[in-house]
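You will see subunit A twice below: alongside subunit B first, and alongside subunit C after that.
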Partner chain A sequence: MTSRICNKAVDESALRGTAAFLAEYASLLSGCGATCIRIEKNARRLADSFGVEFDISIMPTHVYVSVWLDNPAEAVVAFRKTPACGISFNLNAKLSCLSWEVSDNNLGLTAATERFERIRRTKQSGKWETLFLTGLANASFCRLFGGDVIAMLIVFISTLAGYRLKQIMLEDKRDIRLTFLCASFFSAALSAGGHIFNIGSTPEIALGTSVLYLIPGVPYINSVSDLIYRHYLCGFSRFLDAAVLTVCLSTGLCAGMLLLGLKWF
Partner chain B sequence: MNHPIIVWCVIVGVLLCALLFRAVERYNSECRHRDHKTRHILEIGKDKDIFYLPGDVDEDDDFEDL
Partner chain C sequence: MCNDILINIFEDGLFAAIAAIGFSSISNTPRRAYLTCGLIAAAGHAIRYVLTSPEFGEIHIIPASVLASFAVGVLAVLFAGRIKCPAEVCFFPALLPMIPGMYAYRTIEALLSCLYHTQEDVFGHYFYLLAYNCMTCSFIILGLVVGATVPVFLFKKLSFTATR
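Moving on to the complex of A and B:
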């Protein structure tokens, strides 16, 4: 009788550890911009290799994980808040690799937790490199839309300035909507220089493409994926988040144009 | 200068000031972390702090005894 109680206690303790790990894993994956279907598949793969039954509920800001052995009535539930770590494809890929590694090599919970902590400490890509590459990418967008070299240069400079402002405001923990509004306003105002000083032959393309780096593309794509796989709450939440940011950047763009007295169309 | 040019210059000036202010603030905080004291970009000091030639006479030096 005593040994059965002891075994039960050990089982429950192990289940608690597994549930906590899976909740941590799923919440980090959600925070770094993974779709709900990916979170569900990866976490299920981990649960299968740990030999436990598993269910997950992904909410816009939280993740609930329930784990049990034989009887679902004795399930252990863990829930974690989604960390605001920002979209990171690197983290996303590493976490997916971890689930395959655990599954293929039959790693235990301790080894998996150790590797997970190592991944969690992964440094984000350098901000200066990101700044420079964002500028280049947006200048390339300008070229794709038919902008000339002068327009590309204007877009590159205005993107550098706007993106740096965005980095500074996010470092200072400013509201993300205000950040998008300010970044788009200053980028639009800077790129309007082509119009005001009559530089280049395509100043309107420079103005139009100067705020494209702010479009929240990943949340839009994720929201469609979530809707397809019937994660409606997450899908709508992500869509609304992205729509609000788009409204903010449009407001900044319009404010810049209005202030500089540019014709709308 | 017409109105849009003035507005454009003001906007660019504000943005430049913000970026410059941030850069100075960052430089100061880095210096503070390194030396545990604030390092000023502009400081007032004596020319002797920078230029010293061996043999220069300092008011604090006691040469009368020699």
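Moving on to the complex of A and C:
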């Protein structure tokens, strides 16, 4: 009798550990911008590998995980808040690889947790590298929309300035909406120089393109993926998040244009 | 003439690739994925350029975007396994250069013009511009995203074993 109670306690403790790990894993995957279908598939792969039955509920800001052995009535539930770690495809890819690694090599919970913690500490891409590449990318964007070389140069400079402001504000833990508004205002105000001083033949393209680096493309794409997979709540939540940021960047753009008195209406 | 078209297609693809690599760095994409992202973006944008150009049928930009993004989605699913990254890592940066930024800009421009002008005929003109640009922009974005996401669901097994 005592041994059975002892075994049950061990089982429950192991289940709690497994549930906590799966909830941590799923919430980090959600935080770094993975789609709901990927979170579900990866977490289920891990649960199958650990030999537990599993269910998951992905909410816009939290993840609930429930695991059990034989009797669903004795399920252990863990829930975690989605961390605001920012979109990171690097983390997404590493966490997906981890689920396969655990599943293919039959790694235990301890080894999986160790590797997970290592992945969690992954550093983000170099900020100067990102800054330079974003500037180049937005300048190329300008060219694709028909901008001339001068417009490309204006966009490159205004993107560098705006993106650097975004980096500084996010490092200072400022509100993301305010950050988007200020960055787009800054970029728009700088690129409006083309209009004001009549530089180049396509100043309007430079102005329109200068804020496009801020468009939250990943949440928009993920929201459609979630809608296709019938995760409507997450899909709408991601869409609204992205829409709010788009409104902020549009407001910054308009404010910049109005402040500088551009006569386009 | 033929050379000009080829140069235009190449130039279009090259700038799309630079844009894709730059924007993928914002989302902390692994460096090993940069080249693949760039190539897929170049292919996608070049396909749309060819489909919309007068020399090749001049298809409307919305169906052309859907076809190009579907091609991007298929390529992303096929190449994701090679770089051991999820398919969305490859197709997201490739879609960005196809986002109709100028339509979005003109929508905001028309919206502000609507608010500024009260005279009926002038207001009606800007309202037409607002509706036209907004609808075109929305449908292009929707088509892009659906077109690129569908292959992930069509080739589910391939898509979700890419990181194995």
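Here, the second predicted complex is superposed on the first by the 263 of 265 C-alpha atoms of A that agree within 3 Å, B and C clash if a C-alpha of one lies under 4 Å from a C-alpha of the other, contacts with A are read in each partner's own complex, and residues count from 1 in each chain.
Rule of thumb we're sticking to: a residue touches a chain if its C-beta (ideal position, glycine included) is under 8 Å from a C-beta of that chain, and two chains touch if they have at least 3 such contacts.
No experiment lies behind these values; they were computed from the predicted model shown.
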Subunit B versus subunit C as contact partner of A:A189, first or second or both or neither: first
Touching partner for A:L259 - first (subunit B), second (subunit C), both, neither: first
Partner chain in contact with A:I199 - subunit B first, subunit C second, else both or neither: neither
Partner chain(s) touched by A:S225 [first = subunit B, second = subunit C, both, neither]: second
Which superposed partner A:L69 touches (first subunit B, second subunit C, both, neither): neither
First, second, both or neither for A:L170, with subunit B first and subunit C second: neither
Per-residue contact with subunit A, leading partner among subunit C and subunit B: C
Where subunit A meets both subunit C and subunit B, residue numbers: none
Complex contact set, residues of subunit B against subunit A: 3-5, 7-8, 11-12, 15, 18-19, 22
Touch list for subunit A against partner subunit C, complex: 33-35, 38, 41, 86-93, 96-97, 99-100, 104, 124-125, 129-130, 133-138, 140-141, 143-146, 205, 207-209, 212-213, 215, 217-218, 220-222, 224-225, 228-229, 250, 253-254, 264-265
Footprint of subunit B on subunit A - complex, ascending: 161, 164-165, 168, 186, 189-190, 192-193, 196-197, 256, 259-262
Residue ranges of subunit C in contact with subunit A within the complex: 12, 15-16, 18-30, 33, 45, 84-86, 88-89, 92, 95-97, 99, 101-102, 104-106, 108-109, 112-113, 116-117, 141-142, 145-146, 148-150, 152-153, 160-164
